[in-house]
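Before I ask anything, here is the structure I am working with.
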Amino acid sequence: MSEPMLSFENVHTFYGKIEALKGVSLTVNRGEIVTLIGANGAGKTTLLMTLCGSPRAASGTIRFEGEDITQRETHLIMQGGIAVSPEGRRVFPGLSVLENLQMGGFFSDAERIEEDLERVFTLFPRLRERSAQRAGTMSGGEQQMLAIGRALMSRPRLLLLDEPSLGLAPLIIAQIFQIVQEIRDEGVTVFLVEQNAHRALALADRGYVIENGRIVMSDTGSALLANADIRKAYLGG
Amino acid sequence: MKSLKTACMAALLTAVLTLPLLGAHLVVNGLSTTLVVNLWPVGIAVLLVFVAQLLDLKARLGAITQALPTVSLSSASFSRHIRLWLAVVLVAALIFPFVASRGAVDVATYALTYVMLGLGLNIVVGFAGLLDLGYVAFYAVGAYSYALLSQYFGLSFWVCLPIGGLFAATFGILLGFPVLRLRGDYLAIVTLGFGEIIRLVLNNWDSLTHGPDGINGIARPTVFGLELNRRASPGGTTLHEFFGIPFDSLYAVIALYLIALLLVILTLFIINRLVRMPVGRAWEALREDEIACRSLGLNPTLIKLSAFALGACFAGLAGAFYASRLGTITPESFTFIESAVVLAIVVLGGMGSQIGVILAALLLTVLPELARSFSEYRMLIFGLVMVLMMIWRPQGLMPATRPRLELPTAEEAHQ
Amino acid sequence: MKSPLLTVSGLQMRFGGLLAVDGIEFQVNPGEIFAIIGPNGAGKTTVFNCVSGFYRPTAGEIRLDARAITGQPGHRIARAGIVRTFQNIRLFRTMTAVENLLVAQHAQLDTNWFSGLFMLPRFRRAERDALERAAYWLEKVGLREYANREAGNLAYGQQRRLEIARCMITQPRLLLLDEPAAGLNPQETHELDLLIRELRDQHDVAVLLIEHDMSLVMEISDRILVMEYGRPIGIGTPAEVRSNPRVIKAYLGEE
Amino acid sequence: MNDLLPVLAQQVINGLSLGSIYALIAIGYTMVYGIIGMINFAHGEIYMIGAYVGVVTITALGAASGAMPLALVLSGALIIAVVVTAAYGWTVERVAYRPLRGSPRLVPLISAIGMSIFLQNYVQLGQGARDISVPPLLPGNLFEIDVEGFPVSLSLTRALIIFATLALMIALTLYISRSRMGRACRACSQDMGMANLLGIDTNRVISFTFVVGAILAAVGGVLIGLSIGKINPFIGFVAGIKAFTAAVLGGIGSIPGAMLGGVLLGLTETFASAFLPTEYKDVVAFGLLVLILLFRPTGLLGTPDVEKV
Amino acid sequence: ADIRIAVAGPVTGPVAQYGDMQMIGAEMAIEQINAKGGIKGDKLVMVKMDDACEPKQSPTVANQVVNDGIKFVVGHLCSGATKPAAKIYDENDVLMVSPAATNDAITAEGFKMVFRTIGKDSQQGPAAGKFIVSHLKPKALAIIHDKQSYGQGIAEQVRETAMAAGVKPVMFEGISKGDTDFSALITKLKTAGADVIYYGGYHPELGLLLRQAKEQGLQAKWMGPEGVGNKDLNAIAGDAVEGLYVTLPQDFTTEPENAALVKAFKDKGQDPSGPFVLTSYAAVEVIADSIKAVGADPVKVADYMRKHTFKTPIGELGFTASGDLKDFKFVVYEWHKDASKTAVK
């Protein structure tokens, strides 16, 4: 439970001249659920995507399973056992739901794809119902389910979720958090960016708070949840 | 030693690329075609690439250009003195034809035509974001309407100029109406197709347009009613007769330059006002997000159409001027490559930026003229420059800064 | 009771074999905040798209006051007084906040080219008024100091508010908000709540709202329509809806 | 009425062979567009280069041995043309487009136009601006049937064009639908960044696309050299515009669409020449394009792009 | 001072071969004149200009000539390109002598400064037309042209002559310059049963027509004007050219008094037999002789040219008021697959 799987050391990231990450350091241990919370524009998505290599960190080191991946090309990083459900969902709009999921398992063989499909369809029955529909015409929430399902298809060791609850109905949100827990129980490490800080912190082993491109606090999920400042700033009092 | 390996690979690739095309020269020799092998150019190319790769020249050059101070014309001090600058440029432009050589004035007139075209297309592509690859069609419409009206009805340039613009605008509307609902690149190809259709019709409708030979002997503009020709037309007076000076065709060249300048100034004035008007904002908004526009009650078709027609109108004016300047037009003057060059002007200038467009137009027309003495390499360099410029400045020479209506911030407002 | 502002009756929208919306009926009264909720894919956004003219419904009728607007193009409907926000924010990202608001006033402005080209007084006056209105609305949504910033560079919550201001400046009678609280944190959601109420109270606009954030919906709405699989499964006040077993089962889940 | 049949048959043959070349080139446009959303204006020049390399090799092989069997010369020319042209396709992307990844949409377009002008003049520099003639190497007909006094014939070169196109098309369609690379192409064409996030090497996919497009264009170029017998540095331009039109007609982004569009365009041109004054054939062809787009805004086989709001 | 002569013609483009002919002819004349001491000590200098045979480019070239202050032009070649250029030269007092442009309209506008050292299509066309009617005796005559002033102009001349003789063409149709696939047109010709086909235009298109006609087994006799009689035709069409008829200026290279000149060309490895080599030579000679007589003022030169006759390799030349030759002969040749030609009686 304490072997670091992922670590950021003093990472800086820029968009042109805008410095979006100003020296971020954090670690995620194998088998943990770690959540990152912060206000709009704080740099949560940037942090997540910097890990994926797009945008690339300007300085600092990112290690995954002991290897320095800071300068590694995106596709190589992702082939190393990481999957992401990105901000804005980014389903392939012209492909069917089924094809989207198959793309998630791009490097799997046919048999494994079948198995994984079955698992995703069980998690999200709506996707099975609509497996032939073009993803671009799915409703917002349906697309969110698809994006998460697609990420699961590659059997990642580290799963990155960027605001998975965005636009989902309350029942589904509960379900998503349920799933995250299950996935962790299967041994997958989860790094979760959430606006829905309540739920995220309740679920997470540990949490980081990002403000203006800097990590300003980190603690166990429950401790953060109890913290008065946090409650005030992110949990609506 | 990674760089040595890549350099070797690059050199090998260069050899493969150049060997059959530069190293072996096909010669049609009477009845048979033979090969003349000449490995020099291949060797040179391979060597150049090898060295460049080994020294990582690209990165070094990149570093150098990075280090160069970038002259930012859009800087605050510049915009503050913009009126002064404009006056200086204008005066210079007015003096120019009287001090420069005849050839230079000719080239400048030619360049001004492209400035007009660039400014016109800039409305369509730069402001409204509609990719028009058949812009030259409107140029052709303007040119042919003047040529035909003057030929068949003897109408004068000054009458035909607005008519040419109007005709072109009408064509713009006729074309635009059905096709403007097409998205992005489909619009591009339809406009390209339309441009080709216009050219082909001009080429084939011999009885009206004289086919591929085009129309010759198109009348020059008159200056306050005076003709610029050597011999007066029936009932007309020529400039030199009027002033009792000997004929010199230089007068015509200067007059044409001044007319072109006038047209460019007019164009600039109109466009500058338009972008500050609601319609100018609507163009930009439409370029950004058509769906949002609709949701706010803007009628996209109408707004697009206005941009399209206006752009076409300026092309028409430029066309009429072009016809009268050269005295000859042929359908071949209106091929796709013209559209491409004008588009390149717009993009190179920095989409939506007018000073940029003017600079780019001057660059892309004057440079090739200056390079006429390297005629073999002229277009080669032209193409290369286009590619390099895009890589060097993807945002254009002067990225667009549409005049923004500013709202004074709270503190300023209270002062 | 006043006559309803918006009347939707028998609304149906079919995509190929899929009935995305079927048999939806509701009315929005002047000054009312009316919410549509339901599971993902229930057809809420589709209803919006039909009302705002982005889709042509396959059956049913939509009336504004007594006038049928079914199937009219979006820009007409907007001019008639129904404007909307989008589930994914659609601002003019490279334009400044204030320009976003100016574009939105297009329909009210002097668009005569002649007066614009020669800067006639009429034109200047119209422009000045437009700027003033823009300033007013920026103030209202708390963005006065961001007036000259590019909209795309604003924070998410600010963008949401700007989008609402952009709608309001067209002086709509009915405002359609599609998941305005998505991506906002609880604090921001609370501010949004106050803003919507204020619009309703001071600016004489009725609001039709889609939202998954139940704390917001339950607090703010006068009435709620619940949809599932394109069909209505309940309509009523928040209290009624909250206790409706079908709604709990399909959407809310047991607390 | 009886006379019409053989004439029609002959014209269909004419149209098919013309359209096949369009189709071969159109694939390159369609694939590149499908993946990076860019009109690769230099693609016509790639085809022209294919034709030149083909002719150069044919001449070289013919000149070197004098008596090399024709089949060997032709296949040699085809292979070398394909290799060199593919290298061009790859290099052009690498040099002129890759640095522009992520720039506004029109920027690579201008770069492509610049590249097209450059390549045209580069070949002109190496090979001269004049027509190069290729003697009829494959004279003779696959068949010539006399239908009531009217000879209907299919020449060997045209037959080669039609069959080669068909074969390549089938092979490519199968490859794209079956292979992993094909799937990667589909993902990239939808959302390049996301494909990258799924672990797909998008740069390789893009290079692959350019190489495949160039290969097909090279085959087209060599075959055109054989059948028409006259090439110059400018042939790429017209052919490129036509092929691009074909690609759009069929629905840009769709490979079967490119095939359909090419053949349709070829047939249209041929029949327009046959029943109208020849000079109007291009007007009819472009007219058809405009018409089809008006009724099917995304081409014949293009999937209508819905944007869900 | 040196006297600059612009030699303007297609240096690039599909018919650049004609430009070559012009260039070697003019160059030879200039070299020989300079070798003999120039014109009263002044050397002639040749300035090559390229119009690619396009009416679009020639006005630019003409303007450049004017801008550069050059006063004498040998060229342009293609009628379409020559027409607009002629007007510019005339307006600016530049003397132009075309060694090749045959279209009648070029000299029809009453220009003062425009001349040519070749015949007109109103001589060539009827010659071809008569030959077709009397020798080829077509059952179905088809006339194709490239729609340019030269091609269409001469095609119309042929049509008129044929019609006057009672032969009505079954087809009269234009093609687009630069097209490559004519198979549909060939099928159409086959359908029309054409047995004699006249093509008005330049050789690249005719080459393809011949080649594709053979491919489709079209049996017909072909004929064309001097713009097709060129070795390059053989390179494109191969054997299919055998038996083509062409009208060409009379071949003066076989005249005994030209033997020395022909040898001079051969010594440089050049072929003087192209139809426009000696006409270009003559054009330079005429200009030089006139300058010798009246000085380098182009207006005076033009005047002088109208009033005198000149001895040139293509015979004794005299100009009419319009600038045309008083006398010029086109001859019908049969073209062979080895690019040789034989005169037809």
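So that you can tell them apart, the chains are marked A, B, C, D and E in the order they are listed, and the count of residues begins at 1 in each.
We adopt the following convention: a residue touches a chain if its C-beta (ideal position, glycine included) is under 8 Å from a C-beta of that chain, and two chains touch if they have at least 3 such contacts.
Heads up on the chains, UniProt names are A = High-affinity branched-chain amino acid transport ATP-binding protein; B, D = Branched-chain amino acid transport system permease protein; C = Branched-chain amino acid transport system ATP-binding protein.
Please read these numbers as outputs of a predicted model, since none were measured by experiment.
Least step count on the touch graph, chain C to chain E: 2. Minimum number of contact steps separating chain B from chain D: 1. Using CA-based centroids throughout, the chain positioned farthest away from chain C is E. With centres set at the average Cα position, the gap from chain A to chain D is 44 Å. Each chain gets a centre from the mean of its Cα atoms; for chain C and chain D, those two points are 49 Å apart.
Chain E has its Cα centroid 37 Å from the Cα centroid of chain D.
One inter-chain figure worth recording: chain A and chain C are separated by 31 Å, centre to centre, where each centre is the mean of the chain's CA atoms.
Shared interface positions of chain C, i.e. residues touching 2 or more other chains, are given as 45, 54, 86-87, 90.
Residue positions of chain D touching 2 or more other chains, listed in rising order: 124, 130-131, 133, 135, 277, 279, 282, 305, 307-309.
Those residues of chain E in touch with two or more other chains are numbered 147, 174, 176, 232, 235.
By the touch criterion stated above, chain A contacts chain C in their complex at residues 39-41, 88, 126, 133, 137-142, 144-145, 163, 166-174, 195, 197-198, 233-237.
By the touch criterion given at the top, residues 12-14, 16-17, 147, 173-176, 178, 180-181, 183-185, 187-188, 190-191, 204, 207-208, 211, 215-217, 232, 235-238 of chain E touch chain D in their complex.
Of all residues in chain D, only 3, 7, 10-11, 14-15, 17-18, 124, 129-131, 133, 135-136, 139, 141, 144, 150-151, 153, 155, 158, 224, 228-230, 232, 234-235, 238, 269-271, 273-274, 277-279, 281-282 touch chain E in the complex they form.
Contacts from chain B toward chain D in the complex involve residues 13, 16-22, 24-26, 28, 32-35, 41, 125, 131, 178-179, 181-186, 188-190, 192-194, 196-197, 200-201, 203-204, 291, 336-337, 340, 343-344, 347-348, 351, 376-377, 379-380, 382-387, 389-391, 394-395. By the touch criterion stated above, chain C contacts chain A in their complex at residues 15, 18, 38-45, 87-88, 155-158, 179, 182-190, 212, 214, 250-253.
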